[in-house]
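Below you will find the structure I want to go over with you.
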């Protein structure tokens, strides 16, 4: 759509005066939810997402009897935008949860073998719930920062006689082996831009979310948007992401 | 709404000539459902509700390993009113079930420890299903009478080898420790009225359902209706309920 | 409805020139789905249905502790007709699945005792999924042929240590004790007709699906359609089905 | 009430003492649901159904209306406490199928074409289930529709017939149904001698089937006479007086 | 946080050190959800609720509109990570009931009649649950509605009171709530001295109830003063400046 | 078919005997669903997808229509029998995400703007799953859309590439997919050299990723040639003759 945001972007300008590859102010605070095993709130501009980690015990999958598991859920709460309604997650919330899930899982950040309680019988299931509080664009990058921050805050509870979870009493911190970050590189006309707000998002043509590990390997990709891109675009977007994730990663320390 | 019923009520009069605190004719019959462990039908005027109790075995909650449990469900069957449609319980049916549940549970009428079969492993789950057959007002009071009457009729089945329920063969009667009753006191303008029919219900401004035990203690309260009330109103309504439940309780003998 | 198809049928004629009791060309191919324990595709004219059998282990019912079980599901995929939409099975899909289920179950074709793994604990559950690919009339007859062909193709998997199913390695073929077939006899005015296509189906007044075993016993009946029939109609329809199933049964060899 | 290995026939009598071709005691009552346009309650032994009919009434939302005819909606539902094991509220596959075949049992009888854009809603609740529930429901629905003033070519009467341990019988109760060799449900317009519902499970020879259909025809005629008598009787009484009496003595003996 | 046998009162103090009639530390913040027309975040100790209000805005689809008044929709939802055990997303019976009673707590206060065909949407998310969640939510909702400009006769203030181990107390926390002898939720329009919500579980004598209601009235007045102060304060600040500061220091201390 | 510890590469060949950059045998067929406006069936080895396209057709209900463009709806669904373990019917999170990304793979290609108020429905059923199902589905969808006459800038061709045990490969089968180090799905408009879908899981260096993208481009071009040939070929044949032959010999070899 040829909006005001579009006219600015194709001239390398942005509504709020930022540079094309500049993020809005990012705020992260961990340990904000008393009952969660790990939690964080992340704000990027006025986009705000709370991530909470709840540990439950469950049965392992048949083909990985000595591994725990991770489930990422996202809810676009109806409060977060005048356009949302209550109900089961739609395709955007589902996609967001799955992209965040893959960035964590594929980067091998969590050693699922360490989440085994009794092989073949009982393992830890980590539920990462992403609660979107306010939607002003760039939800995926914000959600990934919130999720990683909540994981960094996560403690594994003690177990009473291998059965009952002793809530509030912890065995150990959850160990994270890697430090991945996700950057969504956006394209409008021939311009590349990062961290669009909601108004800018409506002007975008294509997006590529790229998860990058601290060793600069790529560990998840997802193209979005309804326009096509060239191979060279992809390569350029990957380069931008590798550079930018170095910056974001510092926030996760 | 300033209807005919309203005009009468504010002059201490009622469509069918009853006194303000007089119930319509109440009919209760127990033991009407062959396959239920307990059952009753209660009619108040032409309001008619069947309550059935089914006993199933289940796993106790972790924090009450030696206690059985109670679940109250209500269905406003589509047959009961020209306005209802088939589907999952709406907010009124959910509220009704929860008010009846609380009146039974909070009064400590059932000793859940006596519903334990094997601590930590197996307990009795009592399902009380309230099937609304005809809706002509005052559903909550009618539902509570039906539920209590069905409980008074309930037998606990024998178990074969701690596993299979021997349907139709009983171990003992369910013991009831108390005899609570619920009265919904209604307010319109400055008048208080009991047992409104459906036409009168539309004229009401506020309602307070009050569960009272035979020792005159209060064991559940729920305000309904979209108008506010004063503290004095509440006190007056509680007094009315304490007096009236004495009468209703006789029907449960 | 007095359509072109109707005008032809009441004169013993059909759109494609077939005789009144003649089926369209029937094609059956087994073993088409690599991951299924049994599978088949059946086409009648351009009606096309795939049946797949998946074997899972489960707990037996309390009153038949030494018997496995059968579940037939049908999905009218949205691809199969311009009129269908995605979603849970409607009343027609539910009815189709249940008629096919009964034809298999009631004819005692499967010896459920042979599907017992460990009495009271573990039995085979056979899922027969009917996937409607293209709907051009006479779905029930086509679905039954597909289901029976898939069952005839079904192998029972080996079990590893009574727990894990060894997919792709088989213990034995599923034994079928009988060879039932289903014929749906249709009535329009005073005429009887078999295998209507979709256009003809809209002209029909009543239908009777009749399952017949190879010993000419009747093992399931279901009247459909919104017109009534006489006792003599029923008797005549049963005679037609007994004759016709002899023909169809040859296709299942 | 599930599968049993016991004899169902002892000394030439059925377990409940009935002769092979003897129906259970039948009770019929009109006006069981005050709010409905027509209602009835019918019991065959311990099987009990209550039916309310609303309509013909205008159908909303408007896009569901048919401009050339009225439509009928039919809900068959088992109350949660009606069976040995509790029935979970909500649609079951069995309920969906019975609702459909029951509706089709009335479509040939009702003059729906005369009421374009309207709906007749038929709500059946099975209060107690001891075999033959669908036919019991149809008998009550037929009476409720007549009382509601839905114009019909004839009352619809229904009954079950079947075979246990080699013996043909009528009106199967629960244990007979669960252990039958065949079970047939029939609905007819008796004075027209036309069938409107026919469902059969089990195994029967053609001759056995035809014998049973003749028995069903006889019984439908007897049921029809009872239906007519019950309706006629109800119009003689003062319905208001009747309602008062009922409330007094309990509704459901 | 479930049932416990431990003492809840030690040396005349509650487990968290409070006196019997002492509320927990209360924090209130306006403008917690940027997109909303009004929003607020309120904490009572570890119980924390965030509320966003949208509206009054035109209601779509049109058939939901009321021509003579506006309507209010109220969602009370617990975030999945808010409790000791994870809450599965989706409607619960408890949530449905609380949403209804909370909405009714505001209907007497809001001038909805002045906005026909509109809706006010109130979205409450419980971020952390440690008892008294519904009243915490109502306090936040009241402030959010005021900020959104919904005309109200008065702010609504709410609090809980109850009884533990024989002692009357105010502002129950989680462990007190789960082991209370009685638990009362009250909402009021304090300057009008009118109740808009009253729910009680447990067992109380009439005198205890009336004493608690008086305590509730006192506390509602104090809460009311804090609400007013927070709202007034927020209008003094430059909201843009405030938002920037918040992003900087994390949102939720 | 789940996780394995076995070698996936033996003697420089993959387990199914393929070279690293060798695709499986590919079969393509047009007109697989008679009722559809366009349809196709594509197999990559044991992975098999069938796609039917309906439209562009008027979209109802009307409020779903867009006045300035047509919309596309895309359903990706796995048949219950397509995998080793049965897939339960109904939406999965994975299916929702794949449906979305697949739809976006076509939006850049189709001229939807030329058909305001219409919809193109694309229904994909995965009949057999052995890796690379989404790209197999996209290849079939592309052909089905062409046959349905949906105007497109270019056919869309798709393939998978990835990495197993340190080796870059193309066209992952099931066991490779489940044990891969990286898995990339790519869709392109080959003659335009533009990407329309890109999804990646696993860990790759930037150089590996770019190498794989080049391999994907090569393969998409080859697949494109096969698609064109299959479509061209289908128009030469007499479709009626073809259908008859198919029914004869079974549909799916």
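First chain written, first letter: the chains are A, B, C, D, E and F, and each begins at residue 1.
Here, contacts are C-beta pairs under 8 Å (C-beta built on N, C-alpha and C of every residue); 3 or more make two chains touch, one makes a residue touch a chain.
Every value quoted in this text rests on a predicted model; they were computed, and no experiment measured them.
Q: Touching both subunit B and subunit E, which chains are there?
A: A chain counts here if it touches both subunit B and subunit E, and no chain qualifies.
Q: Minimal path length between subunit B and subunit D through chains that touch?
A: Graph distance in the chain contact network comes out at 1.
Q: Per the centroid of Cα atoms for each chain, what is the distance between subunit A and subunit D, given in Å?
A: Inter-chain centre distance comes to 58 Å.
Q: With centres defined as the mean C-alpha position, give me the subunit A-subunit C separation in Å.
A: Roughly 48 Å, centre to centre.
Q: In subunit E, which residues are in touch with two or more of the other chains?
A: If we look for residues of subunit E contacting two or more partner chains, we find none.
Q: Provide the list of subunit B residues touching at least two other chains, using ranges where the numbers run on.
A: 62, 89
Q: Can you list the ring's chains in order, from subunit A toward subunit F?
A: Order of chains in the ring, subunit A then subunit F onward: A, F, C, D, B, E.
Q: In their complex, what parts of subunit C are in touch with subunit D?
A: Touch residues, subunit C against subunit D: 61-64, 89, 91, 94-95, 97-98, 102, 106-108, 208, 213, 216-231, 233-235, 238-239, 242.
Q: In the complex of these two chains, what residues of subunit E are touching subunit B?
A: Residues of subunit E touching subunit B: 2-4, 93-94, 96-97, 99-101, 104, 107-109, 184, 189, 192-206, 209-210, 213-214, 217.
Q: Which residues of subunit C touch subunit F in their complex?
A: 25-29, 32-36, 39, 41, 43, 45-46, 48, 50, 52-54, 56, 73, 75, 77-82, 86, 88-89, 127, 129, 131, 133-136, 167
Q: In the complex, go through subunit E and note every residue touching subunit A.
A: 1, 32-36, 39, 46, 50-52, 54, 57, 75, 77, 79-86, 89-90, 121, 123, 125, 127-130, 243-244, 246-253
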